[in-house]
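Look at the two complexes coming up: chain A is in both, with chain B in one and chain C in the other.
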Partner chain A sequence: MRIKARTLEALYALLLLLPFLFSLGVFFLYAFLRAVYFSFTDYNLFSPPRWVGLANYWALFQEPSFLLALKHTLLYSLVVTSLQTFFALILAIALNRPLRGITFFRTVYYLPSVISTAAASLLLLWLFQRTGLVNQALSLLFSHLPHLAGFALLFLGLQGALVLWERRRGRRTPFLDPGLAAVSLLGAFLGTSAFQAWGLLQAREVRVDIPWLPTRASFLGLPYPLWAIVLMNTYTTIPTFMVLFLAGLKGIPRTLYEAAALDGATPWIMFSRITVPLLRPVLFLVITLGLIGTLQLFDQVLFVGGSGGAPLESTITLAYYVYGNVFPSGATPRVGLASAAALVLAGLTLVIVLLQRRFGVGERGWS
Partner chain B sequence: MGAKEAVRRRWAALGWAYGLLLAFGVFFVAPFVMGFLASLKTDPLEWPFRLAFSQVSPKNWAAAWRLGQAGSGDPWLGGMRPGRQVALEVVYFVPRGVEPTLLAEIPRRKPGAGMGAVFETPYASDHVTLEGPIPLERRPAHQEEGEIIRYRLVLRYQGEGPFLERVPLDLEAPRGMVLVEATLDPTRFERRGRVASWDNVTPGLLGYVFHNYVRAFRETRSLETGESLFLRWTLNSFFLAFVKVVTTLVFASMAGYALARLRFPGRQALFLFMLFSMMVPGQVTFISNYLVLRDGIFGLSKLFGVETLLNTYTGLILSGLVGASAVFIMKQFFESIPREVEEAALIDGATPLQTLFRIVLPMSTPALGALAILTFQGTWNEFFWPFIVLTSPREIYTLPIGLLSFRNAYGQVGDWGLILAGGFFSMIPVLILFAVFQRYFVEGVNVGAVKE
Partner chain C sequence: MLRVWLILLALAGLASAQVQVRISGWGGTDIAIVNGLLKEVVQPKLDREGIRVVYQPIEGDYTQWLFNALSAGTAPDLFYVDIFWSESLFASGRVEPLDGYFSKQELAEFLPNLIQAFTYKGKVYGIPKDFNTLALQFNKDLFDEAGVRYPNQQDTWETFEAKLQQVQSKLKDVAGLCVVADFARFGAFAFATGWKPFDAKGHTVLDENFRRAFEWYTGLPRRGAARFAQDLGEGWTGGCFGGEKAATAIEGAWIAGFLRDKAPNMRYSTTFLPLDPVTKRRGNFIYTVSWSMNAASRNKPAAAKVLKALTSPEAQQWVLERGLAIPSRRALANNPYFQRPGKEPELNRVVFQGSGPQGGNVYPFKFLAYGGDWMRPINDALLAVMTGQKGVDQALRDAQAALDRLTGRR
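Showing the complex of A and B:
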């Protein structure tokens, strides 16, 4: 009887799993194995595949456009992941306090990450046109540099004076005392406005006219159009990771900070000695998710390229290289080569995940 | 340190915190708000970017409503029907020494340049007659040497004829004459400001404020049937998202329950393999999946008389019945339910199927809700796989693919108003969903990723 019950349970499991097994088997396992097989063949979707061994991988690393795509993908991935991790962490720490109405702000911050890559790409295209908002904002910034400099100097001067005055009166006021800083901020604002009114500070005539998209120019090894995608993607992914960090920060006992404060630790010490080590699992998770997500950059490339957009060699990524070789316009598909490139992409991803499992999970500083 | 000072400092710190939150909020929302404003403008790329423009002026809203009402009886979308007439007043400043000769014309102008331009639409100039401009009032100008003249124009649609979606108007004045005021602000000025041009003098309120959105619907039409492609794509996306939510909820609960509760050989291996499948990028599997659909899933579809599953929703749905991440979420959730709940049912002799559908699932509405929302959002926004499967005809596109063809059709001519309008329109369902269920979105990220 017992064995029979076991068999019955397994049969029920099979029944429940059937649709999932169909999906996983046909559209993942079979597909994955076939991709591996294709990568060793010469195949053009129509005539039968012909075995060529490792020739595709060899050819891949000889081909300039693949190497370019690889370079773009790796650089892009590194830049976006560092930027988004850094800013998400800063934001999470700023938000991790019991403030009234914090949920509202979290909701607002989360907004950019719910929209589709298609819609975000259209917004990107508009933002980075020659007379788009990005160039306009940069122009505004550069033409008001004197004001900014004046404002900063005034703020620092006022703050310094106020703190010195307080210390003269025998108080141990830290330099960034929030009350005094608010006074200095107001003073600096009024001062700058006054200078502007008296004509001591004048806006310069600056017009930033960067052609972000239809260009082959590059900066730090990454073409301008990819920088535009970097900015847009960082902006739309920060909120998601911020939420992960917030969940992680909740798990850090407050008593640790209180104890550190009693020992006279500065905020920086608390950040680097408590927050970062205890947040390590989440930090690794965020970095891994960031790297995996950015390695597969495709949609934006298609939108930013296209008619009247960026040239292909300024935007090509690994994922696009794969797609472009399977469905080339007006040429024979090179499926073998594309499969090999896709497996290189998968290999990169798996290496990152394994590194995360090796170093990231299970290391908690306090336990 | 005095207690009073500590209190003061705490308040100041609170002020800084809120200031910072507000600044971040502006940073995250500003591009969207600015983009949305730009999508209302005639020229979204104007330099400098103005926050006060014709489409946000209440005076124009009132005029657009009234003119739409007069032209067709529809104050929202406007247009012009036979037997109707609309009147427009314009005020010009004429400097001394300039002969006030104002020429009015209903131009033969085609709407747009992209997909809709191939359609033959009736021209307003063939049906509508123009009366005027008639000078109504002349008075000397206050500030400068010259006079102010108020003109009246009447557009009449007499006799029988088709419904006109738009009635354009051009007013040409000699150099020096300046348009000071108009019932409805002109769409643009041409020829160094000498020609004031209206794209539509009977726009209706929506037709005026959201003219790019209305154009997105009207100008992208199917070549065969003439129906609005944009509307079609929206409905397609809704349909596919709905189907995917249903299949995902059902099949992910089934698989998740089996993995969480039932014992069977290879359970652990299956789970690990599932995790592995989540890490492999779609670029690896899409080639074979494309071929599988092309050949009708090993020829099985030929049994139903279907040669290929490419460019069909059947193919798209079958290839995306249930995702590994959805199964993962449901498995994690079921494992968090105490076993005792089900054991009573099992002792009573219920089968695992009955237990799942009668007892476990009714308790799982929070998880199912979160999964439904995440799946809807994911499918609504999905790009790569539908882009591979659905290539022709354009009627079967989903919204994101439609947006790409939109971008390619209008990007070259730089019709950014239309492109932005399409983008913002496609965001609406997800934004509504987000506004209502934002808790699920934010928590869903944690469910999917953080394992304690």
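Showing the complex of A and C:
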């Protein structure tokens, strides 16, 4: 019997797909179906699961810590996805210029994404301790406010005078002319140093003592520890997305910009009418990946909550809530409740990504 | 040829007659201890009985691993159970009660507090392998430098605090004590007042006694006697002590190994925790770990023999003499090791005695089956007050409300 070439090809394809299909079936499909089943039971790892209907889902929405986790997750996802997309795009555009040694800068800017979350979290703990670098930098900044104010005033005064003088001489000089600004900066620096030497400007005694991590204080609805995680996560994820944007930017034909330049388009017009629309598929990818990644925030929460001593109420997210209920410290596992929470998280992720696709940036165009 | 076959058959027969008992505990330093114990004490004893012990230490999250293994039916025959999560595990029915394997007399040879800690609904579910309590360690050099008298076992909270204040004011860059927002340390002071974690109905009431201890403990940094551990970049009082950032620490015997590495030349001494000035008693925790048996084990009689060997007087003597852990047998109280001169035998002696009458009001470090959920509201309250985010009234009100929700008081 002879097998047709097409059938043979299909068989080979299937053979090569088999390992992946197997792991998908066992570790995703089977696990997912089990989780769906457990979410309707009171399973605790030990006694046989007992059907409780929708009781777990009902209990979830009655529980303050779940609602808090939901709020944190949504806000965090919104903030981080916006920040990382925006900064990754800006960085990619900056690094897409034909500059000398640009490869070096691209490598340097990519480095943060190589850091493991554990190492990044440790850095975060050091930075945001009460006696850490952030508080020390803030103390330094606030205690030297008079110097900064003096410096700014001197700069503005000098620059204003220089620009006026140039204009008097009939030159159309913009206010922030780089050459004049360099002179003004130097003058302002020397002036401030002189005032400091004469005792006219003095540093004040300011000690910033903000407990960034062991606190429940919040800003714009997100607790401080989560803001710290926002900063750290944005910092470590920007590079990856920057690389995606860079690849996208490479695909935009240069001729379009040249044509636009001939028509007298400003850089902003080129950016908003050429760059952004042609980057849509990449933007869609970046936003979708960003949303999925941020909705599943877990490891930093574990580190900051554990070693950082941040209270649970300030850091809890949905993924952490699920983990904390499957393996509660010293208590009986609540697998049923955790499964329900995991399904809510999965559903939420799906809904948000679909909404983004429908009302936000789509693959093919602005929806 | 026939002879070779016969020898091989005999060897195969011997191998099959040997019963294998799998045991597990956490990794880290315990691996060296258990391996040494098995090799030098336990296995030689069991060889005669044809029992082979297979030891599988677990690195990473041991609790998670054990709960999974018990649920999946792959757990070993014997395993460690930490007192903190013991009740939720015993309630699952996956742990074998040991009353059938140990006579009353045999059980009475262990410290009664420890046996009580592993008793659930009238049955004993674990034989304590070792234990720890809290003690007060102080750096003699720092006290000498400040010209302050050493803490001693007559100290009350007030006299102890006065000493800490003097040290802190004399040595500007050293804290008297570094305090942590953790019930695992603060609780000992709450117990000293006579406060109990649960009333007869299983509810937690943060009464006036609790408040008294809470106000004293959280007020230490404000009154210049202590600093908040995280402000010193540390997570536990031992870390501050080892780095000479604090003159005293409140830890158990586990601090000895840490200090051996971190500050081998430190001249430190150990005494009991200070007394509540009102009740004239102290409080303490018992932190303990048991060897427990898998209810689904196929070799229960052999496992029981291994369990007995692991907690035998010889095994405990071996562990004690190496300064590795505090044994759980009563008879070892008068062991010459405790009378040896030196900072570590002294530390171990005070920790050992902390579980008895000298410890005062002593409770095992477990909170029914609530575990960490129960401690969280209290820890949050400690943190909020110590970092100045809430007043005592507000913090205690919030903690009480959270505990009421948890224990179903209202």
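As a working rule, the second predicted complex is superposed on the first by the 296 of 367 C-alpha atoms of A that agree within 3 Å, B and C clash if a C-alpha of one lies under 4 Å from a C-alpha of the other, contacts with A are read in each partner's own complex, and residues count from 1 in each chain.
The working rule: contacts are C-beta pairs under 8 Å (C-beta built on N, C-alpha and C of every residue); 3 or more make two chains touch, one makes a residue touch a chain.
Because the structure is predicted, anything quoted here is derived from the model rather than measured.
**Student:** When the two structures are superposed on chain A, do chain B and chain C clash or fit side by side?
**Tutor:** Overlaying the two complexes on chain A (C-alpha atoms) leaves chain C and chain B clashing.
**Student:** Between chain B and chain C, whom does A:131 touch in the aligned arrangement: first, second, both, or neither?
**Tutor:** Touch partners of A:131: chain B and chain C.
**Student:** Could you let me know whether more residues of chain A are touched by chain B or by chain C?
**Tutor:** B
**Student:** Just to be sure I read the superposition right, which of the two partners does A:58 touch: chain B = first, chain C = second, or both, or neither?
**Tutor:** neither
**Student:** Would you check which partner chain A:322 touches, where first means chain B only, second means chain C only, and both and neither mean what they say?
**Tutor:** first
**Student:** Given the touch rule stated above, what does A:309 touch, chain B (first), chain C (second), both, or neither?
**Tutor:** Both partners, chain B and chain C.
**Student:** Just to be sure I read the superposition right, which of the two partners does A:27 touch: chain B = first, chain C = second, or both, or neither?
**Tutor:** first
**Student:** Once chain A of both complexes is superposed, is A:45 in touch with chain B (first), chain C (second), both, or neither?
**Tutor:** The answer is both, since A:45 touches chain B and chain C.
**Student:** Check whether A:107 is in contact with chain B, with chain C, with both or with neither, and answer first, second, both or neither.
**Tutor:** Only chain B is touched by A:107; chain C is not.
**Student:** Touch test for A:211: chain B only (first), chain C only (second), both, or neither?
**Tutor:** Once the two structures are laid over each other on A, A:211 reaches chain C alone.
**Student:** Check each of 20-28, 56-64, 146-154 or 218-226 in chain B against chain C and return the one that clashes.
**Tutor:** Of the candidate stretches of chain B, chain C runs into 218-226.
**Student:** So which positions on chain A get touched by both chain B and chain C?
**Tutor:** Chain A residues touching both partners: 45, 129-131, 307, 309.
**Student:** So in the complex, which bits of chain A are touching chain C?
**Tutor:** 44-47, 129-131, 211, 213-217, 307, 309, 311-313, 327-333
**Student:** Which of the residues in chain B come into contact with chain A in the complex?
**Tutor:** 1, 5, 8-9, 11-18, 20-21, 24-25, 28-29, 31-32, 34-35, 38, 44-49, 247, 250-252, 254-255, 257-259, 262-265, 267, 270, 273-274, 277, 279-292, 297, 319-324, 327, 351-353, 356, 377, 380-381, 383-384, 387, 399-401, 403-404, 407-408, 411-412, 414, 416, 419-420, 422-424, 426-427, 430-431, 434, 438, 441-442, 445-446, 449-450, 452
**Student:** Contact residues on chain A for chain B in the complex?
**Tutor:** Residues 6, 9-10, 12-17, 19-20, 22-24, 26-32, 34-35, 38, 45, 91, 94-95, 97, 99, 102, 105-112, 114-119, 121-123, 125-127, 129-133, 136, 171-172, 177-179, 181-182, 235, 239-240, 243-244, 247-248, 251, 282, 285, 289, 292, 295-296, 298-299, 302-303, 306-309, 318-319, 322-323, 326, 335, 338-339, 342-343, 345-346, 349-350, 353 of chain A touch chain B in their complex.
**Student:** Which bits of chain C are touching chain A when the two form their complex?
**Tutor:** That would be residues 61, 63-64, 67-68, 70-71, 84-85, 88, 91-94, 181, 228, 230-233, 235, 366-367, 369-373, 376, 379-380, 383-384, 387, 389 of chain C.
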